[in-house]
Amino acid sequence: MDKTLAPEQKRCTILDSMIDNRYREEIPDIVDLVVNSCSDKGCFDHLDSAVIPSKEALTEIIDLIRDILFPGYFGDQTVDRNTLSYHVGNEITELFNKLSEQITNSIIHECKRYEEECTECVDRGQEETLMFLKKIPEIRSMLASDIIATYEGDPAAKNYDEIIFSYPGIFAMTVYRAAHELHRQGISIIPRIMTEYAHSAVGIDIHPGAKIGKGFFIDHGTGVVIGETCEIGNNVRIYQGVTLGSLSFPKDESGRIIRDQKRHPTIEDDVIIYSNATILGGDTVIGARSVIGGNVWITESVPADTKVIIEEPRLIFKEKKH
Amino acid sequence: MDKTLAPEQKRCTILDSMIDNRYREEIPDIVDLVVNSCSDKGCFDHLDSAVIPSKEALTEIIDLIRDILFPGYFGDQTVDRNTLSYHVGNEITELFNKLSEQITNSIIHECKRYEEECTECVDRGQEETLMFLKKIPEIRSMLASDIIATYEGDPAAKNYDEIIFSYPGIFAMTVYRAAHELHRQGISIIPRIMTEYAHSAVGIDIHPGAKIGKGFFIDHGTGVVIGETCEIGNNVRIYQGVTLGSLSFPKDESGRIIRDQKRHPTIEDDVIIYSNATILGGDTVIGARSVIGGNVWITESVPADTKVIIEEPRLIFKEKKH
Amino acid sequence: MDKTLAPEQKRCTILDSMIDNRYREEIPDIVDLVVNSCSDKGCFDHLDSAVIPSKEALTEIIDLIRDILFPGYFGDQTVDRNTLSYHVGNEITELFNKLSEQITNSIIHECKRYEEECTECVDRGQEETLMFLKKIPEIRSMLASDIIATYEGDPAAKNYDEIIFSYPGIFAMTVYRAAHELHRQGISIIPRIMTEYAHSAVGIDIHPGAKIGKGFFIDHGTGVVIGETCEIGNNVRIYQGVTLGSLSFPKDESGRIIRDQKRHPTIEDDVIIYSNATILGGDTVIGARSVIGGNVWITESVPADTKVIIEEPRLIFKEKKH
């Protein structure tokens, strides 16, 4: 509310002419310092690499995939039934170009990591892209089941349009279902960058390796974590803050953690998991139709048709002193 | 740290000339596949609709509203007292144009949903916009009370400017207080897209239908959920991860959930709710001046002047084996 | 799925010519109303200020810092070892220009708050920027230790590149470690805007005043809160939803909260804190090598080498009725 400012303070505004070369003279030494420090052990660099995965390109790819999956909902022009095929044709061509470049880059990136020569990287990039494009009808059908589950599970949902336009869970599932297919094809780096983009956008962290059945509904969603080796059945509903995580990490003889192993739970069909519940461990199975209450912490299996809640009277009520 | 790359690997970089038409020849078939799959049940489309709500336009609208509510804080030019009225005049005119277009679109969208003819949509869009603009002084006054409550409730807050420039709770409340007024006017879709934009930006999920009194302070905020039919009094303070949610969904005779009913709690004046507490149910009332401890899970009413905490000695301390 | 739309509804599309001046005539009165309401108590303004901190500029600054810290990982062009020094030279020069402008602005802003004249603001802005630039090798080395700790602590991490490209914890730590150095130099407003930008991007809320040792690993991260006066040792690992917060706010004789005091816990070396655990209070010390279980709520110190978990059998299992 600084209401009383002396007018002579105005001169403090920076003028280019006021920038004193005295300070700029120090820059070359700092550049040397920074460049030299990068030869140390304490620096991760990505130099001499022909390719960098582009988060911007992947964001555009996600937008394109969403437009194709839900025709007419997004974008800046309306689409009608007569010209739908031109519209989809354009978008699929653009998606082919952008996605095949990124997939090719990721294949080249892997070749270099293992110091292999990659003679067929560009061909494989295009083949993998076509394989992905052919899965769009299946991805769309899975997402339709998620949207219907959302409408049926949320009394605050006014209609399907509201869900598609604004629900964070549907955005996260759109990105996950696309990324999961790329992950299944063995594409590296890209699926994780895609799901971390969704995580950043809506606070829902689904690893592209998780397996999730149809009719999955995430309400509110902030703080949800679904780990790499989860297996989730059909018509499962979860709320904000739910973690499906790992319990502990077995190590090999040299003390390194073992990376390829089921570490995350299995959730059978028609289970409901309320907010901030935590379910951990690769051997943990939540049986079909069970209900897990809010804030529950589970590290062992639960039979089918069971309700697990926190013991009731754990609260202390005190009258406040005035 | 891939430091040892053979130079011949460089040729893997994609050249346009390397793109093989063999792959592109498959695109038309894929387009047909995708277009045809959209006639199935498993596809949500938004075709033949004259209008699409624009998230980009709504984001610009939120920026304009924030500039008008807090003159001189945002935007790329400084504002002085002498020219304030020109500045505000320009911004209100721009807001009128953009918001009346979006509101008109949302009215047309509703007309079409119910297959009504909409002869006065454009007039109504402008009337509703004017009605909203007249509420700006009241919205500003409510937000001023939120800012003062934030300063008084947070020892880490250095001054009001820091709060307005950077606090996520104030951003969420700015968007909510504007969206809530549009919601009260019966505008559809837009209020929810606005609050979901804030949810995405700062992780605080406030339904535009909730009623929140003055002097509301949300600290940190990630994971907060405030449901559609919540009623919150004056000078309430809540922390990150607090859920004010619904307990269960009554269904009608045909098994469908009933949508218009108070499902979320009532929080009276001067209540404090600590982090990750969960309060559920439409009949649950937290009485005035009560304090709800962290991680508490409440589904029944709490009288006024009461402190509710989790029972103390529930922790097990074990010495770790070496 | 609105598939049956009458063609005459098409005329509802807004045409500029349809905008009725009747409504626009009301705008000047509304502008007066809004401008006049800003002289009231219920308005925060930032008028007659020479400078506004620019969130856009600070976002660009964060991108530059990240490019310099991890050469070749981000940006739109590949970098090779031969030209690294030119690349870094350009980026450091650009960072100097942008950051010195923002720091100078923040110094001028403080001068004005205390109604002091600021004759050396521009000089100080450049000096402080140089001081920050010289710390880049140290910041880089700390972040390298965080990346190694992440790889060693997360079985889902495939390699270092994936961590640097996509892990939200590394993004949050990059912003925090830079902002913390600016905070130590006594720069106001900027560090908090930077960490709130990271909070908004990845849901991890670290106050720039917190002190964090090397090898810090945050997994998943959404909902993490690390308060202003936390002190965290080396090789600490925390999971999503962990709060290191304050317990209560002592007030001075006039009833105002005391702002400069240790209010947040101390976490010693090699501690692990699992998801959604809450540790509160300035006198609370978690001893070295201790493990704090998920959902635990702690307000008192824990000795070294201790494991604290929630008491086991607090769950009720009920068979569901069909």
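Going by the order they are written in, the chains are A, B and C; count residues from 1 in each one.
By definition in this document, contacts are C-beta pairs under 8 Å (C-beta built on N, C-alpha and C of every residue); 3 or more make two chains touch, one makes a residue touch a chain.
Just so we're on the same page, UniProt names per chain: A, B, C = Serine O-acetyltransferase.
Since the model is a prediction, treat every value here as computed from it, not as a measurement.
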Rotation angle superposing chain A onto its copy chain B by C-alpha atoms, nearest 5 degrees: 120
Fraction-based call for chain C against chain B, same above half, different below: different
Between chain C and chain B, distance of the C-alpha-averaged centres to the nearest whole Å: 20
Contacts with two or more other chains, residues of chain B listed in rising order: 1, 44-51, 113, 160, 203, 222-223, 241, 276, 295, 310, 314
Touching residues on chain A, where the partner in the complex is chain C: 1-6, 8-10, 12-14, 18-20, 23-24, 26-28, 30-35, 37-38, 40-56, 109, 113, 160, 188-189, 192-193, 196, 199-200, 203, 205, 207, 209, 222-223, 225, 227-228, 241, 243, 245-246, 249, 257-259, 261, 263, 276, 278, 280, 289-291, 295-298, 302, 305-312, 314
Complex interface listing, chain A residues touching chain B: 1, 44-51, 68, 70-76, 78-81, 84-85, 88-89, 92-93, 96, 100-101, 104-105, 108, 111-113, 115, 117-118, 121-123, 125-127, 129-130, 133-134, 136-137, 140-141, 143-145, 147, 152-153, 155-156, 158-162, 164-168, 201-203, 220, 222-223, 239-241, 275-276, 294-295, 310, 314-320, 322
